[in-house]
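Step one of this worksheet: look at the structure below.
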């Protein structure tokens, strides 16, 4: 099936020269179905989509995998750790029993910790992306459509949020918030830390989407259908979310799909700096932070988590790119 | 095609995988002498306190000795020096009333530095002490050092602006922990604190309200360094101290580099411990332990006369240990820094629970979690082996079954507080897993590492267990056991007795031993250590840090000092 | 134009003011006691309390804030324990490191500049170059490789790339020293060899982003009518693409580059942590960890200044490049 | 009209085929088109989007990406075949011998450069020896000539400071900078208001008289063609379906597709009760062009399956001189169908 529109695929001097000529078979299809068809035809996107799905299933099924693998993420195998605190054997203690070897010092199994880390990472990234996108949409639409002082205020807030050094604030907010909600003897539950991280991402991350949506809304604001809705006395809410929003879903979906890998990286970075998830909760960033200093003596410890997170982010990025191409064929490809 | 780039990246990974996989990691024997026993004495013969210091075999004069360290030294003003790096750097540019002759293997002798002897206990009641200043000792400008300048140095340590240094002598003179309210230095710059007098230019006299037999020890700290009042620049002295030692600080780019050159007015014949072989000492700040170690492994031309202060990074221990050539350029000695799992006895009053905690901890796992046996040495006593009179014992040999039976079916729920620094988290996990095997229910509470330090020092802190370390200021049980376990000193905050143990019988023992002659005290402290562990079990001794430092191929004469457990430079030289 | 500039400056000042308030508030929310942290072995409650008074931490918050801000503009007396009068711009005296914060800056700012400036030159050159060439050679092997490169780069983590670079170049091939900072003026070669891995790692990640961006931007521009017009006038390819298309394609890249560089100057925390180099970023992080108010305030303000100034510079650049902005 | 019918055509296109390779297959954008055009004459090329009209003109300009485009046949300009010329050679012709005006003058002018700079640039590209002052004078003359008031002031303004009509005048001025013998105007009025449209068309006609150039006017609007063109070429699916003088095609169109185009012109004279009749269906895919006559799926008169769906109709001369049509319907039927069913809703000339 060759379903993509031929004309708009061209770029350079040809772009406008080649006529847009949809095939008869495509007539009457909704844009969503068209995009889906284009996505299906994009092999890279499909493969990365499957990899992505594989990772997601792996993360969701972590307890099941633990059952099958027979090792818990907290179990220590210190009898397999040498007195220099590195795992005994070759390449970080890789064996039939410990597929990715063991952590130095504590001797926990890296494979099962990565599986659980995947779960944490994906959950945080998806929630953060959802929240920031939602926040960005609302503020972007309001700002772009209403203009005037509201736009001025929101735009300034965006500038302000961008001027705050994120990591420093994250570093300060995490203990402040946890101290406010939990007593000194309470263990900070993992979900709470995760919640705070998502909140932090939302607090600082909505600006990108808001800017994008604002720009789109400004260009849509004067279009006929909006004028028509306005003329027919439609309420503000109706215009904003019934008229404008449906026309924005493509860029929003793309920015969402590319935000997820961004937050995977961001989560790992926060945890890398000790702000986010902390040991003993399995997490990519924590693992890489620890493994970095073993780069020389136990490179396997760095390589396994590093490669997994790389593949994960790559799969999401490739899929996001594919989605963008499918939704907006005029863009990069 | 897109996958080609990914393949290429994969190729690089495969390469490194291959590199990493080519060696098998095996157990190796570390040769740290963890069982060495310290011996010590106080020199009574003035000859022991005279120079020149005994020559070091193979040493030659000249060259530039470099020390690299991650962060700057917090204070250089001798009255404010209290960090290990400061304590071991100060001898380069300052001299004190007393100092230690140290073979680097735990055998120490306290001798006079500026003083002719390590003090005279005038009435044998430890209340009145006299020190006679040597002849021929001079400042960097050639002026003579007299008892006046030493007294002025001690006086200015009362200035609250100049905080940071040790407070023993001030508290003893003022007979009050809040010594600076008893005597205001700023208002009385021309006088001396109560109890401190200089009958003549050679004599310094201390008169205390209570006996303080440890004064000769306390006088070895840099706070007794002399300073002419005219040279007192207040807080600025931190950047440019006025030298009384063999070197003077000639260039100080704060936080980046310090350059010491010879003080021509220093006379080797007056100095019993400093050989002062190199012409220059340079301190460079910035690289972390890992970077330092890597540079020293490489042994590049500029690093051959260099020592990495922060030690062999734990991540590189395996690499260094596996290479005999590299091991030849390391120093590895147990240090007096002793780690323990403190039990807040206010919250865990049940002795059997505390004993069960002791049985449950498996030190071999702790050692691995703490970075291996070249980083730490297991410890079953409260006092580390470097303490004078140390005697090894293990009151509670690790045994999970014994721990369970001691608990007798109880499942105590305890909160362990740890700092958020990465090393602590591994230890916390290790402790939790060990204890839970024995039936405890452990909650780990992570708080910022720095606030953990002072929060646990508050009497009403809400936690049950915490990791604590203590390094005594001199190798006497007196500087450890009463400080950590005398319940009468417990205050609202700022406690060192973080177990908050208060036992009358033990307290009485402290008083008894403290009144003994320092030499007689040593075996008594060892006995008391065992008694505290058996009767009170206020903590679980875990391990003592091992100092494992590396230097370049042209470094000689450096040793790990027996008092603080850090590299000492008094005998350092650059191989020519 | 002037009005626009003044408006931007006013808004920037407002932003800075808000940032300073937030940073100040943040410190007092921190559940830690900087003063207790400062004392080593010999702290007792009375002494701690006296230090708090000395540092002005017992004053009303408003006074503390205005005092701090006053110090920046006219200087202020910090008391004898902190070196006396501190000339404007006084950033205060560090609680934990016993030196003026401005001295700390004088030490760590060159480090961050030394990381960011060469790295950004590298990443802009590499990224924009790659993107532009691959757009012009769309569909060729070069283009596909460039896409592969940019996707790989955009999916890599700095610490992972940094770690791998160190494994390869420092530990295995041993052709580079362990990353460190030396002053450019003292030893340019050592300066470069100590930082080159940081540059490469940053440039790899960022240039990937810029290659993607500039490729897309260039493709979009190449499809513009005015590029075709330029060709139709008989202009050579190099002139039509190199001038007409490039100038239009570069504007959005300038915007993003400005903000990225501004942000990076405010501290490259992860880069510094990965390579173990002490710059502005790690200083800020440590200051927060230790509750060192003057250093927190100063680092936050400095990095905000970088971002705000970058924003204004970008707007001005935009106006220079695009007459539609300039003339409206 | 001052043309000399006997003079040889300045532009001669023979069996032009333009193909693009894309990921989805080969696009046959132009498939065997031939026509000639003399100086001083205007050819209107008419068709829907995707009919190949723009591609034809871009082929004449040589503006396709050579890596992905295959052009066969011949494009002779003043006797010289452009097909197969290198980009360097082609570049010298562009803007000098052939110039082009685009549909949207706002996007066709570089937004960051002043109008004057863009004019001067085109001139100096082809007049290597010309000084800046000369080029500027030429630009001012041209701005003046296309009816832009205060050319001095306008010279240093940016495109966004001009109105739509003025911008298109700038574009025209730019195209005339080098006295081109052939001017291609690709939908020059589509983006403009109706009143401005007429002005621009008048201007083009004036200029043609003055400069005696050949003009190709590309449009989808037969009404525009009827105002200014001498000849009409109707394209569909990459092929020419009807070619003749304006009079021939407008008065006696013989291709059902042309009828459809005519029917979509609003007429002042037509029956207001009769709705405009857009052509049903969509333009064909240029990758899978329908078999036989490309128009047959949409043609109400198609004889299916034979021959319309099977054979490609040839562009054959009809009785009238020079008028050519590519349709399988017998000519009498075409004439009668047009006069009986279509003409009353079409345009009356």
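We call the chains A, B, C and D, going by the order they appear; numbering starts again at 1 in every chain.
By definition in this document, a contact is a pair of C-beta atoms (placed from the backbone, for glycine too) under 8 Å apart; a residue touches a chain by one contact, two chains touch by 3 or more.
Predicted, not measured: the structure shown is a model, and the values here were computed from it.
Think of each touching pair as a link: the shortest run of links from chain A to chain B has 1 of them.
Chain C has the Cα centre that lies closest to the mean of all protein Cα atoms in view. The greatest centre-to-centre distance from chain C, using averaged C-alpha positions, is reached by D.
If you compare C-D with B-C, the chain pair joined by more contacting C-beta pairs is B-C.
Centre to centre, using the average C-alpha position, chain C and chain D are separated by 54 Å. The distance from the centre of chain B to the centre of chain C, with each centre set as the mean of the Cα atoms, comes to 39 Å. Remark: chain B and chain D have CA centroids separated by 91 Å (rounded to whole angstrom).
Put simply, the C-alpha centre of chain A and that of chain D have 49 angstrom between them. Among the residues of chain B, those in touch with two or more other chains are 2, 6, 13, 16, 19, 290, 294, 448. Contacts with at least two other chains are made by residues 63, 68 of chain D.
Across the assembly, chain A contributes residues 12-13, 16, 175, 289, 295-296, 299, 314 that each touch 2 or more other chains.
Residues 11, 14-16, 18-19, 22, 26-27, 29-32, 135, 138, 151-152, 154-160, 162-164, 166-167, 171, 212, 215-216, 219-220, 222-223, 225, 227-228, 231, 259, 263, 266-267, 269-270, 273-274, 281, 284-285, 288-289, 296, 299-300, 303-304, 307-308, 311 of chain C are the ones touching chain A in the complex.
Those residues of chain D that touch chain C in the complex are listed here as 61, 63, 67-68, 87-88, 91-96, 99-100, 102-104, 107-114, 121-122, 125-126, 158, 160-161, 171, 174, 178. Within the complex formed with chain D, the chain C residues making contact are 139, 224-226, 228-237, 244, 247-248, 321-324, 327. On chain A, the positions that touch chain C within their shared complex are 11-13, 15-16, 156, 159-160, 162-165, 167-169, 171-173, 175-176, 179, 261, 265, 268-269, 272-273, 288-289, 291-292, 295-296, 299, 302, 306, 309-310, 313-314, 316-318, 321, 330-332.
If you check the complex, the residues on chain B that touch chain A are 2, 6, 13, 16-17, 19-21, 23-28, 30, 290, 294, 313-319, 321, 364-365, 367-375, 415, 420, 422, 425-426, 428-430, 432-433, 443-448, 455, 461-463.
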